[in-house]
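In what follows, subunit A forms one complex with subunit B and a second complex with subunit C.
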Partner chain A sequence: MKHTINIALIGNPNVGKTSVFNMLTGLKQKVGNYPGITVEKKVGVFKVNNQLKANILDLPGSYSINATSKDEQVVLDLLFDQNNEHYPDVVLVVADVENIKRNLLLFTQIKDLGLPTILAVNMADRMGPKGISLDIQSLEAALDTKVVLLSVRENKGFEELKGAIASYKELSKEKIIDIKSIDTAHFEQFAAANPNKDVYQHWLVQDGSSSSEIKKIQHKETVKRYQIINEALNKSYAVNALEASDIRSKMDRVLTHWFFGYAIFFGIMLLIFQSVFDWSSIPMDFIDGLFASLIESLKETLPAGKLTDLITDGVIAGINGVVIFIPQIAILFLFISLLEESGYMSRVVFLMDRIMRPFGLNGKSIVPLISGTACAIPAIMSARNIENWKERLITILITPFTTCSARIPVYVIIISLVVPDKKVFGFIGLQGLTMTGLYILGFFMAIISAWILNKIIKSKQKSYFVVEMPTYRLPLLKNVFYTVVEKTKSFVFGAGKIILPLSVLLWFLGTHGPGDNFTNAEEIITSTYVDQQLSEEDLQDKVASFKLESSYMGLIGKSIEPVVRPLGYDWKIGIAVIASFSAREVFVGTLATIYSVGSHADEEDISLIKDRMMRETFPDGTKVFTLATGVSILLFYAFAMQCISTVAITRKETNSLKWTVIQAVGMTLFAYIVSFVAYQLLK
Partner chain B sequence: MDIQEIAVYVIVAAVVVYFLFKIFGKKKPKDGCGPNCGCS
Partner chain C sequence: MTLDLLQKNQVAMITGFNLNEIPLKFIEMGCFPGSSIELLQRAPFGGPLYFKINETHLSIRMDLAREISIEITKN
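Showing the complex of A and B:
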C-alpha cells in the first residue's frame, strides 16, 4: 500500500514556485510573474515513487516568517499547527538562482523551525546567460540541507527532487543558528519564561515585548542570518560579470522610463483591447450561427410544446449569451498572461507606485487593479499582501471599479450597437478605442475613489513598498495555456451556474402571465386591429409583444420602469439590469431571453442578439438603443456594484459589514447618478 | 395540462428552490482561512 506524506511548498514571490507545483502535479493553476498572485493555498497530489505519494501544498509567496502580511500569516499558521491536515512532513523551499541570497533568508528561518527541509534552487537555465556558478555540495554542507537544482523550462532536476523527497526521513532537522546568539539577554529571559518550549518557534508567535522591541530583535535576526548566508555563498556561489549580458537593465531603463514607460504601457493596453475586438469576431459569429442552427433543428426535431420552448428559448438562448464571449475572454487572458509570464507586469507595478502613492495606495495595489480586469474576486483576495491596513482596505473598496471580464459582454454588445465601426487616423478602430476608454475610465474612477477614501479613512500605521523585479523571460506557453483555459472555464461555469437557471426562470416569467390579457392576447389584438390591414406576420408580432407586456416579466418590468426610465431604459432593459444585480454578465443573457421570447421572426433574422436589440423601439416608435441609452448603460455597468460574489468577498476580506455596504450602495448610487446625467445630456 | 407543461412546472419549481438555497443556504467556510488572515 502507498504511503502518503504532506509537502509544503514555500518561497519568496517570483521564484517559480507555482511552476514547480505545476510540473510536479500537472494541476492547472494560475501562474503569475508579479508578487501576490498566489493568495490561496492550492493542493496537488503526485507520485514520488512506487511506495510513496505526496500531497503538496502551494503556499503564498513570503519573504520571511515574521508575518507582516496576510500571505505570510497563512504560511505561519500552517507551520505552527501540527493538527492541520496539511502540516508538512517535509518543507520544499524554492529559491531563484539569480536572487538566492535574499531567498535564503526565508530558508534559514524555515530550517530553524526544526522541520525536514529541501532547498530547490530554481531557474537553473538562467545560470549560463548570467555567468552564475553554484557548488551544490559546498552549499549543502554549509546549510546542512539537501539542495536540488531545478529548471522548469528545461524540465531538469525533478527526478532528483523526487529522490530527495523519498528520503525525507534522512533529511537533517538541525538548526542553522542558535537563536540565543541573536540577543542573548532577551532570549535567555524568554526561554526562562517559557520552559520546555522551542524558543524560536515560541518567540515568533508569543513574544509579548513591545512592537519596537520585537522589530529591533527581528532586525538583529536578519543581520545574523545574512552573515551565515554570506559565508555559505562565498564558498559556493559566484557570478562572472563578464559572461553576463545586460539586456535586463537596458530594457528596464526604457520600460520604467518616466515617459516611455507609461506610453508603452498604454500602447500595449490599446493593442490588447483592439485585438479583443478584431480577432474574436469570426469565432463569435461561428458560435452564434451554431446556436441558431441548434435551436432551429431542436424545434424541428422535438415535439412542439412548452418543454421544447423552454429548452430552445430559455436554456439554449441563455447559454448562447455566455458562450459567445469565450473568444474575447480567452484573447484578453492570453495577453494578460503573456505580460505576467514575461516579467513585464512587475515593471508595471514599479511604474505605478509613483502614481499610486498620492492616492493612499501602494504600488502593490496595481496587482489587484490589473487582476481586477479578470475578476474582482481573486483581485480583492490578492490585496492580502499589502501590509498596511488602510492601503489594503482602500484597494479592496476600489478594485471593483476596474473593468472585469463580466463587463466585457455588456460593453461589447452595447458598443457594437451604438458606436460606429469606423477607423480613427485610418488604423485605430473607434469601437476598440471606446473599449479602451472604458477600461481607463474604470481605472481612473478607482484612483479618484482611492483619493477620496484616503482623505476619509484615518490610520497611523506606516507604509512601505517592496517589489520583486524578476528577469525578463520568454513566457512558458504551458503556463499561458493553463491560465487561458482556467480563466475562461471559470467565467463560463461561474456565470453559467447563475445564467442557466435564471434563463429558465426568465423564460417562464415571460411566457406565463396572470389574468385575461395574457390568456386572451390573440383575441384582444385581433379585435383591436380588425380595421387595419395588417399582414399575418405583423399581427403575430403585435400578439407576441402584447403577451410579453401582460406576462409576469412584463408586469415586473413595468413596475420598475419609472425608476429606470430617467436613465433611458425601457422595461425590458430594466429587467436585465435587475437580473444582473447577481452578476453583470447576466445582462446580455437576460436580454437574449427576453427578446427571443418577444419575437417570432425567422431564426436567421434573429440569430444575432445585437440584431434583436437593434430592432427594439419604445411605444412611440423611437429607437431604444440610441447613443444616449448606450452611453447610459455603459456608464451604469462601469460603476455599479453588480456582483453578489464581490459583495461576499469584500465582506470576508474586510471582516466589516459597514465597508461592504458602503462599497455596494455607494457604487450603485454613483452609477445611477452618472448614467442619469449622461442620458439627459445626450438624448 | 399536458406532460410537457407538467415538466416545465417541475423544472421551474426546482430552479426556484435552487435560487432560494443559493441565497439562504449555509455556506461552507472556504479552506485556507485561518484565524489571523482577516477572513474569519
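Showing the complex of A and C:
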C-alpha cells in the first residue's frame, strides 16, 4: 500500500529552492492563487519510491524563522501548526554551496524545532569553478543530519535525496544548540514560567519581554548559531580563492554603475515593451486568423439564429479577446522571470531605491511596479518582501495603476477606432504613441498617488533596507518555462471563467424582456414606420434595436445611462463598463455579445467587432465612438479599479477592509472625474 | 569612523553597532562585530551602498551605514 508523507521545502531566497521543487515534481504542481484560495501555497506531488509518495510544499524564501516579513511569517505559521494539513513529516532545507554559512542559520533553527530535517546543498556544479571543497561526512556529523549534494543543472543527487527522504524516520531529532546556553538567566526564568513546554519553540512565539529585550536575545542567538556553524564548516568546507573566477564583480561594476547601470536598465525596459508590442504581433495575428476561421466554419455548420450568434459573436469572440493576448502576457512573464532568475532584479532594487524613497516607496517596490505591467495580482503579492508596513501598503495601493495586460485589449480596440493611423515626424505611429502615452500615464499616476499617500499615512515603524545581492546565474530554462506556463494559464482560465457565464447572462438578458414592447416589437415598429418607405433591411434593423432596448438588458442599460452619459457613453458601453468591473478584458466580449443580440439574425459581416463599433450611433444619428468618447473610455480604463481579483488580493494582502475600499473607490471615482472632464472638454 | 565613510575598495572590520538601530536581518546575514567589510559600489545621490561582508553581498541605505562603527584594515 502506498503511504503519503508531507515535505516542507524551506530555504533562503536565491538558493534555487524552486528549481529543486520543479525537478522533484515536474509539472505535477498546483499553485493556489486568485480569490478565495490561499495564495502562498505551492504544492507538488512526487513518487519517492514504490512504497512512498510525497506532497511537497514550497515555502517562500526566508532568512530565518524570526519573522520580519510576511513571507517569513508564512513559514513560521506552518511549522507551528501541527493541525495544518501540510504540517511536515520531514523538512528539506535547501542551501547554496556558495553561501552555505549564511544558509545554515535557518537550518539550525529548523532543526532545533525538533523536526526531522534534511540538508540539501544545491548548486554543486558551482564547486569546481569556485574552488570549493566540501566533506559531506564531516558536515553530517557536525550537523547531526543527512546531507545531500544536489545539482539541478547537471541533474545530480536527486536519487540520493529521494533515498534520504524515504528513510526520514531514521533522522535525528536532536537539537543543535541548547537554547539555555544563549542566555541562561532569561531562559531559566522563561522555562519556569512555561513548564512542560519546549523552551525554544515556545519562546519563538510566546516571549512577552519588551521587543528590545527580545532582539538582544535574538542577536545573541544568531551569534551563537554562527559560532557553531563556523566550527562545523571549519572541519568540512574550504574555498581555494585562487581557483575562483570572478565574473560577478566585473558585471556589477557595469550593472550597478551610476550611469551605465541606469542606461542598461532603461534599455532593458525598452526592449521588453518593444517585444510586447511589436514582436508579439506575429503570433497574435495568427491567433486572430485562427479564431476568424473558427467562427466562419461554425456559422456555416450551425443553424442560423440568435443562439449561433451568441456562440460565434459573443462567446467565441469574447474568448478570442483573451486568448489573443497570450503572446503578450507570455512575453512579459518571460522577461520578468528572466530578470528575477538571473539575479538582475536585485541590482534594479539597488539602483531605484533612492528614486523611490521620496514617494514613500522602497527600492523593492520596483518589482511590483514592473510585474504590474503583466498583472496586478502576482505584482501585489510580490510586495510581500517589503518589510516596512507603510512602504508595503503604498506599493500595494498604487500597483493597480500600472498598465496591466488586461487593459491592452480595450486600449487596442479604442485606439484603432478613434486615433488616426498617421505618422508624426514621418516615422512615429500616432496609435503606437498613444499606447506608449497610456503606459507612461499609468506609471505617472502610480507615483503621484504614492506621493500623496506618503503624506497621508503616518507610521512610526522605521524603514530599513537590507537587500541581498545574489550571484548572477544563467536562468534555468525549465524554471522560466514553468513560470510562464503557470502565469499564462491562470490568466486565461481566470478570464475565461468570467467571460463565459457573463456572455450567457448578457445574452439571456438581451433576448428576453418584460411586457408588450418586447413580445410585440415587430408589430409596433411596423405600424410606427408604416407611412415611411423603409427597405426590408432597415425595418429589420429597427425591430432588432427596438427589441434590444425593450429587453431586460436594455432596461438595465437605460437605467444606468444617466450615470455614464456625461462620460460620453451610450447604454451599451455602459453595460460593457459595468461588466468590466469583474475584469477589464471582458469589455470587448461584452460589446460583441450586445451587438450580436442587437442585430437581426441574417445580417452579414458583423464578425469584426471593430466595424460594428464604428457604425454604432446614438438615437439622434451621431457617431458613438468619437475622439471624445474614445479618450474618455481610455482614461476610465486607465484609472478605475475594474478587477475583482485585484480587490480580493488587496484585501488579503493588506488585511484591511478600509484600505481595500479606499483603493477601489478612490481609483474609480478619480477615473470617473477625469473621464468626465476629458469628454466635456473634447466633445 | 562609521561605515558610510568607507571608500570604494577599502577593506574594514566592523567594530560595533547600537543594536536598537540595526535590523535583525542584517545580523542574520552574518554581519556582526569582527566581520570584514568592503565597499563595492555606491548608488548616486546618496542612494544605497553595496558591500561585501564576509562572503555575503548586500546593499543597505546610508542611514543604516551611519550606525555601524568600523576600523579600516586595508587601504
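The working rule: the second predicted complex is superposed on the first by the 506 of 683 C-alpha atoms of A that agree within 3 Å, B and C clash if a C-alpha of one lies under 4 Å from a C-alpha of the other, contacts with A are read in each partner's own complex, and residues count from 1 in each chain.
Operating definition for what follows: a residue touches a chain if its C-beta (ideal position, glycine included) is under 8 Å from a C-beta of that chain, and two chains touch if they have at least 3 such contacts.
Quick caveat: nothing in here was measured; it's all calculated off a predicted structure.
Enquirer: After the superposition on A, what does A:Pro195 contact: first (subunit B), second (subunit C), both or neither?
Expert: In the superposed model, A:Pro195 contacts neither subunit B nor subunit C.
Enquirer: By the touch definition at the top of the document, which applies to A:Pro420: first (subunit B), second (subunit C), both, or neither?
Expert: The answer is neither, since A:Pro420 touches no partner chain.
Enquirer: Looking at the overlay, what does A:Lys215 touch: subunit B (first), subunit C (second), both, or neither?
Expert: second
Enquirer: Between subunit B (first) and subunit C (second), which does A:Gly515 come into contact with in this model arrangement: first, second, both, or neither?
Expert: A:Gly515 contacts neither subunit B nor subunit C.
Enquirer: Which chain makes contact with more of the residues of subunit A, subunit B or else subunit C?
Expert: C
Enquirer: Who does A:Asn655 touch here: subunit B (first), subunit C (second), both, or neither?
Expert: In the superposition, A:Asn655 touches subunit B alone.
Enquirer: In the superposed arrangement, does A:Val504 touch subunit B (first), subunit C (second), both or neither?
Expert: After superposition on chain A, A:Val504 lies in contact with subunit B alone.
Enquirer: Can you tell me which positions in subunit A touch subunit C when the two form their complex?
Expert: The contact residues of subunit A facing subunit C are 63-64, 66, 68, 98-99, 101-102, 105, 212, 215-216, 218-219, 222-223, 226, 249, 252-253, 256-258, 346, 349-351, 353-355, 363, 387, 464-471.
Enquirer: Where on subunit C does subunit A make contact in their complex?
Expert: Interface residues on subunit C, with respect to subunit A: 19-20, 23-30, 32, 40-48, 50, 54-61, 64.
Enquirer: Once bound in the complex, which stretches of subunit A touch subunit B?
Expert: Contacts found on subunit A: 40-41, 67, 70, 73-74, 76-77, 303, 305-308, 310, 384, 501, 504-505, 508, 652-655.
Enquirer: Touching subunit A in the complex: which residues of subunit B?
Expert: Its residues touching subunit A are 2, 4-5, 7-8, 11-12, 15-16, 18-19, 30-40.
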